[in-house]
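Notes follow the structure.
Every chain is named by a letter (A, B, C, D, E and F) in the order it is written, and numbering of its residues begins at 1.
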């Protein structure tokens, strides 16, 4: 365990919430990771998007709308900053127009974070950024188990001949042997063909469509998913904000009606307690399409906070997310 | 059955979803109905509106936000374009300022569509357009059974002495003997007087207010409604988007809080499988009041797709929507 | 009982809903309270806000979006204007920049309303206005029981040394002995520390967080709350609109994801039937952050209408909200 | 002259501008016109619109955004409320869906106002309302001279066979002999055909397109116009807000780029000093399309104030707008 | 000259402007270019953007907001559809994520259009699409003269090592010898260094910054520019919408304050009469950032119309835009 | 002069403009002022506002929309970061609800900045923050000359008895003898009474209303103003964003139509070259009312940059803004 540096968010009882520089949860912006347990890192790339662009503005908006987060999570019953040193690491210098170079840049930035034993809270950008993130996860942890919350399968082979997009990363990740067990949750919307449903079967993916959520509820769905994932193996969560219904998260590039509520979303993450969560990304927040009060970015900020809380709670219970720590 | 012309939406793997001319579901714009089974047709009239105008912009917005629809409905398990030739027929040339002349124009356009044996997906416009649509339905099918999803009763006698508005069409339709059995679902909001509740009783209308949905769920409500409607009789659905809660469908002229979710709405339509659905209208989408990401139009586009899927599934099971086909 | 003056909203069948001066529910604007049972009164103060300002625009927006309200509540089965003379009293002349002087102005305006035996429907403004409202309630009724719907506790001691803010009013009210039994419902979001949960215990507050709503439903939660409050004692409801989820009520100053639906909110109020409701405030509607269709203000307008309906229903059943009436 | 009742707007130093009921310029809402010189009256009809609807919301929005108006116009150097008793008369009960009945209702309401010797500030609604307004003007004053500020000619014969729309009122007014001399100012945008330019010549209309404004400036244009209009004859101004560029007035139904600035617009009206201005309408403000800060409604509120100032200044100089006064 | 096919926009006196499928100026969507003189073609690529993405939505929005265009331009005094057969050709199937493949696709689509002797009205997308357009222009016409309206120079060598972006296309075009004489107009905003001003001098570019517009006016600036360009040589105009001030055109990716008005913009294009205009692009319209009334798209639609009018006027005067026609 | 630390904004050719933490002009966030010449400092207080609140969000929005600023100002011909070390100092910890305590906090923060010889770029918040800023200016420089750009006089004695608001700070500053010569520029909108015009005369204020700008242009107006201010005396500029027309700067609390363009605004500041500018504030940017593309914040960011450029240019010419430097 790193020593406690007692890093705290700006005190809202001193500096009102709307004041001072915008960082995630009003934590310090810090590039020195000595003793840092968890780091928020933005990956504002959106050239992998097949419909509405705008996810490049995600990290800035999530930071701005994380100003309301306070330090005690009463539903998880944990004070994450008492357990962890957490900072905002800033963004990866992504390369608009080039997925390949962006992927290199992500590796270049995320690699040392992971090597340092710091757990990343990764803020997209579009879903294509998950592939380079998983490459680094694989390098450090070996194949990671994955829970993929999304309204889309994201396992198509190519769009317009492009192999690296926000709709193909999962197939690439499987081809590159980056993953252990995979679960997909919240899938809905029209598909290309009935064959789409065969892919999960062929790849031993635990599939829980949105219909399972509506029929059985979050706890049952998460139980089905988590039963297939050993708790002590490294688990990565990739969360596409479009798994949430547009009423609760309208600001996204390929919205699908009929999704999760905001409470459902938080509950999904809370159910991960006890599992060795080594990283999470939340992607596809496209702020130009958000409500006047920025409700989507607000939700994303809260989902990161729930994940951070689960990580802290786990650590408090002796479940460490990293080797050697 | 018409022969298969194998009409398909533009391929999103060739032309990205945000490219090319805006038609419903990226289907061809086509006025020649030879062998066409289903046609999307807009009726952008909004002079029947009693509060916020803007529904005249509905068809354009629903088209624009139908770009994400893909060809396989996994929850209904059907590929509608494999069963049906579907096109976008464009709009009726409505006459702003005159309901009477608009009603004539609707008859003039919709009549030949129905006579051709083509099932219409009718996009309003305000709810007053349902009356001329029902007149043509009556002419072709005889009195049709009607399920009316709405937060309002729409059976008042007149507004300011006007007999043809979005709040009076149902009384006119009853007076004109256009209808068989009628069900109303989702009614809520304050009413004019307790006598309003007497009208459904007097007219043998199956009434399921929103309270029934919240207490018993979609399946129970739909079962109650459908039990009263013989499956082999022609069924018309008139869907006022304001039956959905403003959180999910804010862009409408007379919004009422406390409504259906987007998933509820889709489920309502999916429950129609097995019933001889001869047409549907979705009305009262008022795009000037929509969220930045156009979530209401997106939902309407999906509800049409669910109806199309039900129609296709029915046809696959030998339930044909039209006489002689 | 005052004699019936038969005050009615403007008739929408004569003056369309979008016409004429904007008052609550299209009721008369009236400062003479002779025989007036219920009065809508705005308190547009927002200097007590700790994050986004804008609640000063609340009363104007709630009035504008109350145009759709009709005179019969079918779920409560009551015609409030048949029971009550109701008017829009206008706003308190609040003093931007001074809570103290605003509190005096509120007392100066609200006092005579209460002394007249008129029940107030109080529209904020931020939550700090509840303190002076409760002072007048205390003066007239003695300590009132309070149900506080909110996502926040609002019992902190001070913000930046300021003792009178939208987050401290409840502590002040307790210190000033204004209250009988207190219940808090809908609390959620991150908190400052675990000690926050001790305060309700120390003050014998019935606490029902949002988790209770999601687990047990509105009826069970309200039953728990109301069981602790004698029905014949004066009950005041303070409703922070942020208890509702931002999907249904985005326009508020300190939004928290994961809240009530609009139907839940209406149901909470309907459950108050049979309790001696002597006043209600709905606060923290911040219109600059509302959806294009003003859904938050629309919801607030409806919640006031539900409260009015409960009051009328109670009166019809002999439960009078005021001494001597 | 009526006796002075010393009617004043609400004092912003007592009631902050954002408080209290929304009326034009925070003047009293009053239907008794005894001694009233000027009355703001809304005509929220928008069924005459050929493109975007929404002008029915104009009067409510103009009222709400007139809260900033103060009582001294320093550029005209006049205190209008020291000269005039001014009130907000509310709206005409227009009839959605029927121009004919709306025209009757306008006559029914406006007639007595004019007969009372009260000058109307008429707030649309779409431009079709000008025709019934001019009928009453003609009845009271005889044919009035007209300055028509607009980006469109509005003299087409019919749209879709409809003779009474926002694009045909001027031809009808000419056919009905309601007008004396006519000037048109600000015309721009593409036209139907070169013949459109023949109509003004055939009808002796003083035509100043927007090109004249851009080349010669407001003073020169207004001088050209006013030279053709005897100062002592009754003059009516019909102001379509779309004569202003969408940058300054985006909220309108048929916007045309390349228009006046807001200062130009105010200057146009100020140049009317010395002319016997007997009424003005400002039409086509369509609030659903306005900027977040409602800049179009704000401009319209100010243009009415400039007209009121000119009327007051004229009166101060002995130029009375009405017979017998 | 092609024979006249008498292609006309949909008649607004039959089909109201808000009805029917959305194409540029309500012209037919047509891929057969036989006898077609001018074609609107969209190039919705936005991966070359360095700040806000969203220009991929440009063509759809420009089409939707071109519904108000009528067939006679009174300021140019021309009826373009009487001279030309004009159609909407749809969009190039661009490839998100790959400039190289998109450039190929543009060549593949634009080449045959130019070879057919059809003048393109090219709607971006971001400014990177101008490079492949110029390549085809060069292939057909030889080096073309270029007037580049923009607030940015766009001649930087690379961004983040990327050579093909919306800020580098002009340097690439010069390196590839695609251009004859070049003029830049409207440049403003902060620059990278004083050396930026040396580049135009080194490349014999006629530079007219925005300061020249504000000091001397549109006519003088355009005269300076056009004096350096022989009228009989092919001239291409590349118009970045951000040359217009954000007040008039807010929806763009890299806005700079202090720009042209909408009237200035139209005047710039009208001044091109007499010059052999062989094509125009209008780029960088980013609809997610537009005003509620879509004023930026509306302006772009009008600027295309002005260019079309100039082309038609030229043709009427014997100035043909293409060799051999 | 401080030694050069060569502080530069983040390089946009390395980190794309939309990436990384949001600070003014992408400069470092820094609280150590050693060798710092200029510091951006936010004062996000908005309780002094008399109409629309929201200016508390100003500094965050101005920072976010300053991402496009590049390092060379070609119209002033200066590279400010080559002359100056500039940083973002963050915000003053203002106290919502208390002007007095906020004023103390401003003094507490701004005092050491000034004592350090650092020139502040002060970002409001509402205009009331100018008073404490001027107090510190007075303490360090003696009475400063003031140019006050605004559409309002701001010299009223009190609002609702409150002496410290955004409309009274100038009278307080005069009473407290903080000022030397005062000029007011851009005043417009209706006033309270003709006496308002007497105040400038009585206090020897150079008054240039907006009419002077429209009649004579920026250069003439600024020449009139600057002729009365000795160039070598310390000059403070207080810029209320509402002096700009709402078309260019809609996001403000008390907008007045008929104002400056964005180019005019920049030109006003550029005319200050040669004058010893010791500080500037830009106030009243209220982001909740901004356009979708945040054009008002963008303008404010640019106006600060113009002021910074003028300061750097002056320094390059030996005009130092501070004593002893």
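In this section, a contact is a pair of C-beta atoms (placed from the backbone, for glycine too) under 8 Å apart; a residue touches a chain by one contact, two chains touch by 3 or more.
Quick caveat, the model's predicted, so the values are computed rather than measured.
Touching chain D and chain E together: B, F. Counted as hops between touching chains, the shortest connection from chain B to chain F is 2.
Rotation angle for the C-alpha superposition of chain E on chain F: 120 degrees, rounded in steps of 5. In summary, the interface at D-E recurs among the listed pairs B-D, C-F or E-F; the equivalent pair, sharing over half of its contacts by residue number, is E-F.
Taking the mean of C-alpha positions as each chain's centre, the chain lying farthest from the centre of chain F is B. Averaged Cα coordinates give chain A a centre that lies 56 Å from the centre of chain D.
One simple way to say how far apart two chains are is to compare their mean CA positions; for chain A and chain E this gives 41 Å. Counting only residues that touch two or more partner chains, chain D has 14, 16, 18, 50, 52, 56-57, 93, 95-96, 159-160, 245, 247-248, 288-289, 291-292. Chains that are in contact with each other form these pairs: A-B, A-C, A-E, A-F, B-C, B-D, B-E, C-D, C-F, D-E, D-F, E-F. Those residues of chain D that touch chain F in the shared complex are 12-14, 16-18, 67-75, 77, 79, 245, 247-248, 261-263, 266-267, 291-293, 295, 298-299, 302, 305.
Only residues 50-52, 158-160, 188-194, 196-197, 209-211, 214, 245-248, 250-252, 254-259, 288-291 of chain F touch chain D when the two sit together in their complex. Those residues of chain A that touch chain E in the shared complex are 46-50, 52-54, 56-57, 93, 95-99, 101, 159-162, 164-165, 288-289. Taken together, the chain C residues at the contact with chain D in this complex read 14-16, 18-23, 29, 42, 44, 56-57, 59-60, 63-64, 88, 90-96, 288, 292.
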